[in-house]
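In the part that follows, the structures are each spelled out as structure tokens.
You will see two complexes here that share chain A, one where it goes with chain B and one where it goes with chain C.
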Partner chain A sequence: MSSTYLALFKISLKDKIAYFKDYMFSAVGRTLTYVLMIFVWNIIYFGGHFTTIKNFNLLQIDAYFVIGSALFLLINSNNDYIVSNDMKMGNVAKSLIKPLSYVYSVFIESFSENILLLPSVLIVIFFTLYYTGLVTTLFSIITVIIIIIIAYLIINILQFMIGSFAIYTSSAFGISILFFNIIEILGGAIMPLTFFPSYVNNIVMLMPFQLFTYVPASILIGSIPSSTYIYYIFFGLFWLFIIAFVGYIFWNHVKKKISSVGG
Partner chain B sequence: MDNNNMDNNTIITVDKVLKKYTVNESNSKKGFLNGLRRKKVTKIAVRNVSLSIKKGSIIALLGKNGSGKSTLIKMMTGIIYPDKGHITVDGLSPYNDRKKLATRVGVVLGAHGQLYWNLPAIDTFNFMKSMYKIPEVEFNKRLKSYLKLLSLNDVYKKPVRTMSLGEQMKCNFVASMLHNPKIVFLDEPTIGVDLPSKSALKEAIINARDNSGTTFLLTTHIVEDIEIADNVIVIDKGRKKFDGTKKELEKIFGDKRIVEVYSSKIKQINFKSYGRILLEKNDMIRLEVKPSMLKNKKFLTMLNGKYISDYRVSEPHLSYILSKLYKSFENNK
Partner chain C sequence: MELIENIKYFLLCQKYHWKELFVYRSQALVWLIVGSSILLFTYLPVTIIYNVSSGIPGWTYFQLLLLSSTSGFVMELVWYFVLPWGIVNGMRVGEFDKYLIRPFGKVTCMLSGYAGNLVGSTGVIGSLFLIIYCLINLNIQIIPIVIFFVSIIIGIIALVMVFLLITILSYKLMNSANFTNNLMNLSLSANTYPLNIYGSGIQLIFTLILPIGLAVYYPTQVLFSMTTPLFTLILIFVFAIIIIITKIGFNKLIKSYSSGGG
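Showing the complex of A and B:
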């Protein structure tokens, strides 16, 4: 990162800290759905007298939702909102008058917001693992770190693309909500992906969304065998390459449109 | 215009530039469904505009809303590209060399400030220092000088959101000047700014031009802003209508004199025969007359007659000239 982008990161971080309390309230608000999921699954396990469902016992399912929601919160960026708002308000011009890349500027802005959540997410994960007694290995932790970085990049590129739709549609709010719900369901934030019927599961397992919640949370609670870790890393890299390529082509198209109509 | 023919003293050349854009317009036909339908309409924002700007000059780019001023500035800064024609700014093509050009120019785009809303302006200034790699000593010197000149010493450490519009505008100006740019584009720099702040901004512009040879191109609707300009460019419906000095503008469009006549018997004198009545009050009438009328015996006798208590002759104000100019555009539709 050049000193210019480092300076941009520092000022963005300062800017985010200025309204961090507000951001924390919204983050807590977003996790309430997952807390509700824990209650629902507790009722299902107790009500149906299940000890395990699809290789998940109750302790694992509770840990899955706490860890999964924390990780999902950490990687979920605001790129779609930032870009869509910039397009709508003509703020892209504000960025283009600086000797900076607009794409990097947006990524750094949203990264500065996500990084603020990192300490609380780490505390939640370690506390959950400690409390539940679920054993995780150093190999699992390193794999999860790599997968989270890949997932973060994928979700950022996708959300950047979604925000860019505002240049065609005036607002990307609708498509942004749709995308959020899709990644929430297909990423495993509502329930582990193995709970889907097998034909749905087979399709979902080919998509990159599983890297957002299901894969990292399952690795940490030990419900995915360590022999598949490397596969998931390469699977993520493959999708990252595809999405970055599509994103690059799409952004070049949007850039032409911005340069044509103004930003 | 061939770049080779460019005068060494020329810093910006705009050569036969054309810019079109497409907008969705609602259907004017009656009926609910017709109202929902939209048709794509191609509009021309800038039509074959050519101009050249000399180093160290202050240029006022005038025009009504939607005349194409901001589009022209956006093309000169590389934010958008022209559909036809060429632009050269300090020897660079703005669109192709956007990042390189950004280090040599400063831009204030009206409401779209560069300041971080939640942070004090000093944080943005420090960010500018890192982004433009301004040496510490130079940065401190320039900052100190601008803070003093624009009376910002009590302001720059408080969050931008708590600043008045004028203070924000002045801080935006400082942010765009800290790297000592060769050219500064100011799009509506005094919008919503109070009188003392306007004067301070103008003084800062003149100082930068005199001390550092900075070239300024400012778009404005506000007539007082033109006072500091060396040259005026008037744009209407994307076409350049005038490019010259203020004196030339006054000569072409303001070749009239304004005569204010004070009398208790206004109604009894036929002022219409001398010129156009601009304003009529109980004991005062304002006339627009040809300069030759001031030598007309009958007119002079009337002015010095017993019914007239006082009179005053003046040249038309720039605002009057501009409103006349814009009116002439309307009539030439």
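Showing the complex of A and C:
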């Protein structure tokens, strides 16, 4: 069975490589959107003669936007588009009778896209840390790897659920964009979460979205104390468990709906 | 006369596109909420910046909010006319061909087939409210306001032509719309802040190559009396040149176009 999934992964990877040029252009374009913030904050720091703003010095804020955008790009999947499209075209019903798990095959397809980005993301992170001279420990790196895996699973499950909404709305494209906008803001991609007013920050810090950008990027640049690393890992595992459980129930419900409307 | 016929045909097509959106009401509602989310991307960062710091030197809170709202307003309107995914998809499957054989101008044919993206309407209305709110707070005279709106309307026409051209070019080179989409998003993000903070190279790109600066940054400069009336005339002249060049480029590219559907 595992060889079947491996074959599926290889096919998906080849498919993505065929559109590599387009894919890389898109990745660079999306990253640049966040990287432009470096110019904005440089002007703010220099203009206001600030050395730190909310525990971020200028080097850290520059590194935050580069590393944060790279990580955000890496963990983002396109499960929602795959599932939504499959729902629309009636492919889900066909997939359900195949000797393959539909859920796993969707995850493998989007994973092949993320894996293509991994080398560039690692190079970007390495050069950013080297260039800025920010010191990161082995413990930080291991914590970030664990958090990124948890965040990746959370975002994949959430996007899979969003794609499944197509059963109610005929297309989940709009909800997907809305979700992306929400995690961009609440995940800290457009700004570190500590910059938010304290009452907003207190609420945002209870949500799992901070694991998508803010927590891993802040750990790597050393703006989060190492004593809290274990807390963030358990916090992520807690949310992963909840979201996986809700996702499981939701998908079982959706599956019944698919068969009832004939695919 | 020909122009009136083209406009009539365009408006008729828009009517049907709008009706099409509301066929699926729940989806339409989601889309309208999505459209309004642009307000978060303009209002939130600016407000937070001025909350934690003294902001961008030379720009007050309301001036920057006005600039970012204008950027949102302009880009949402450009998205209304240029929907790269729809255009490229239509070209891939050969659907676009049916529009080309109609007895109207080629730009009209493309706009009639694919413009009408009502999703951003909530963003346009919301951004306009933010612009008016800022204008009231900044206490600006009526004449600069009129020049400001005239400039951004002409700027939107130039931008629509540029992004239509880029969409066809990216279809020819990459058979994809992702590049244009990202370019449009990048233009929106970059123009949320004053162009001069990026340095002369990037400022030049967003002025002449991707001329969103001409439709957002420079008109706000007129508003804050940072430029002379002569500059406004030069601005309109540059818009006219961009529209002519892109129209020629568009017609040339369309002539060599062949659909993916054979």
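Note that in this section the second predicted complex is superposed on the first by the 258 of 263 C-alpha atoms of A that agree within 3 Å, B and C clash if a C-alpha of one lies under 4 Å from a C-alpha of the other, contacts with A are read in each partner's own complex, and residues count from 1 in each chain.
The rule is simple: a contact is a pair of C-beta atoms (placed from the backbone, for glycine too) under 8 Å apart; a residue touches a chain by one contact, two chains touch by 3 or more.
The model shown is predicted, which means the values in this text are computed figures rather than measured ones.
Visitor: Which of the two partners, first being chain B and second being chain C, lies in contact with A:Leu8: first, second, both, or neither?
Guide: After superposition on chain A, A:Leu8 lies in contact with chain B alone.
Visitor: Looking only at contacts as defined up top, I'd like to know whether chain B or chain C touches more of chain A.
Guide: Ranking chain B and chain C by residues of chain A touched puts C first.
Visitor: By the touch definition at the top of the document, which applies to A:Phe196: first (chain B), second (chain C), both, or neither?
Guide: Touch status of A:Phe196: second partner only.
Visitor: For A:Ile44 in the superposed arrangement: first (chain B), second (chain C), both or neither?
Guide: second
Visitor: Tell me which partner A:Tyr19 touches in the superposition: chain B (first), chain C (second), both or neither.
Guide: both
Visitor: According to the stated criteria, A:Gly90 is in contact with first (chain B), second (chain C), both, or neither; which is it?
Guide: A:Gly90: touches chain B, not chain C.
Visitor: State which residues of chain A lie in both footprints, the one left by chain B and the one left by chain C.
Guide: Of chain A, residues 19 contact chain B in one complex and chain C in the other.
Visitor: Would you mind writing out the residues of chain B in touch with chain A in their complex?
Guide: 21-22, 71, 74, 77-81, 95, 98-100, 102-103, 105, 107, 109, 112-114, 116-119, 123-124, 126-127, 130-133, 159
Visitor: Where on chain A is chain C touching in the complex?
Guide: 19, 21-23, 25-26, 29-30, 32-33, 36, 39-40, 42-45, 47-48, 50, 53-54, 168-171, 174-175, 177-178, 181-182, 185, 190-191, 195-197
Visitor: What does chain C use to touch chain A in their complex?
Guide: 24, 26-27, 30-31, 33-34, 37, 40-41, 44-45, 48-49, 51-57, 119, 174-176, 178-179, 181-183, 185-186, 189-190, 193, 197-199, 202
Visitor: Which bits of chain A are touching chain B when the two form their complex?
Guide: 3-4, 6-8, 10-11, 14-15, 18-19, 90-94, 96-101, 258-263
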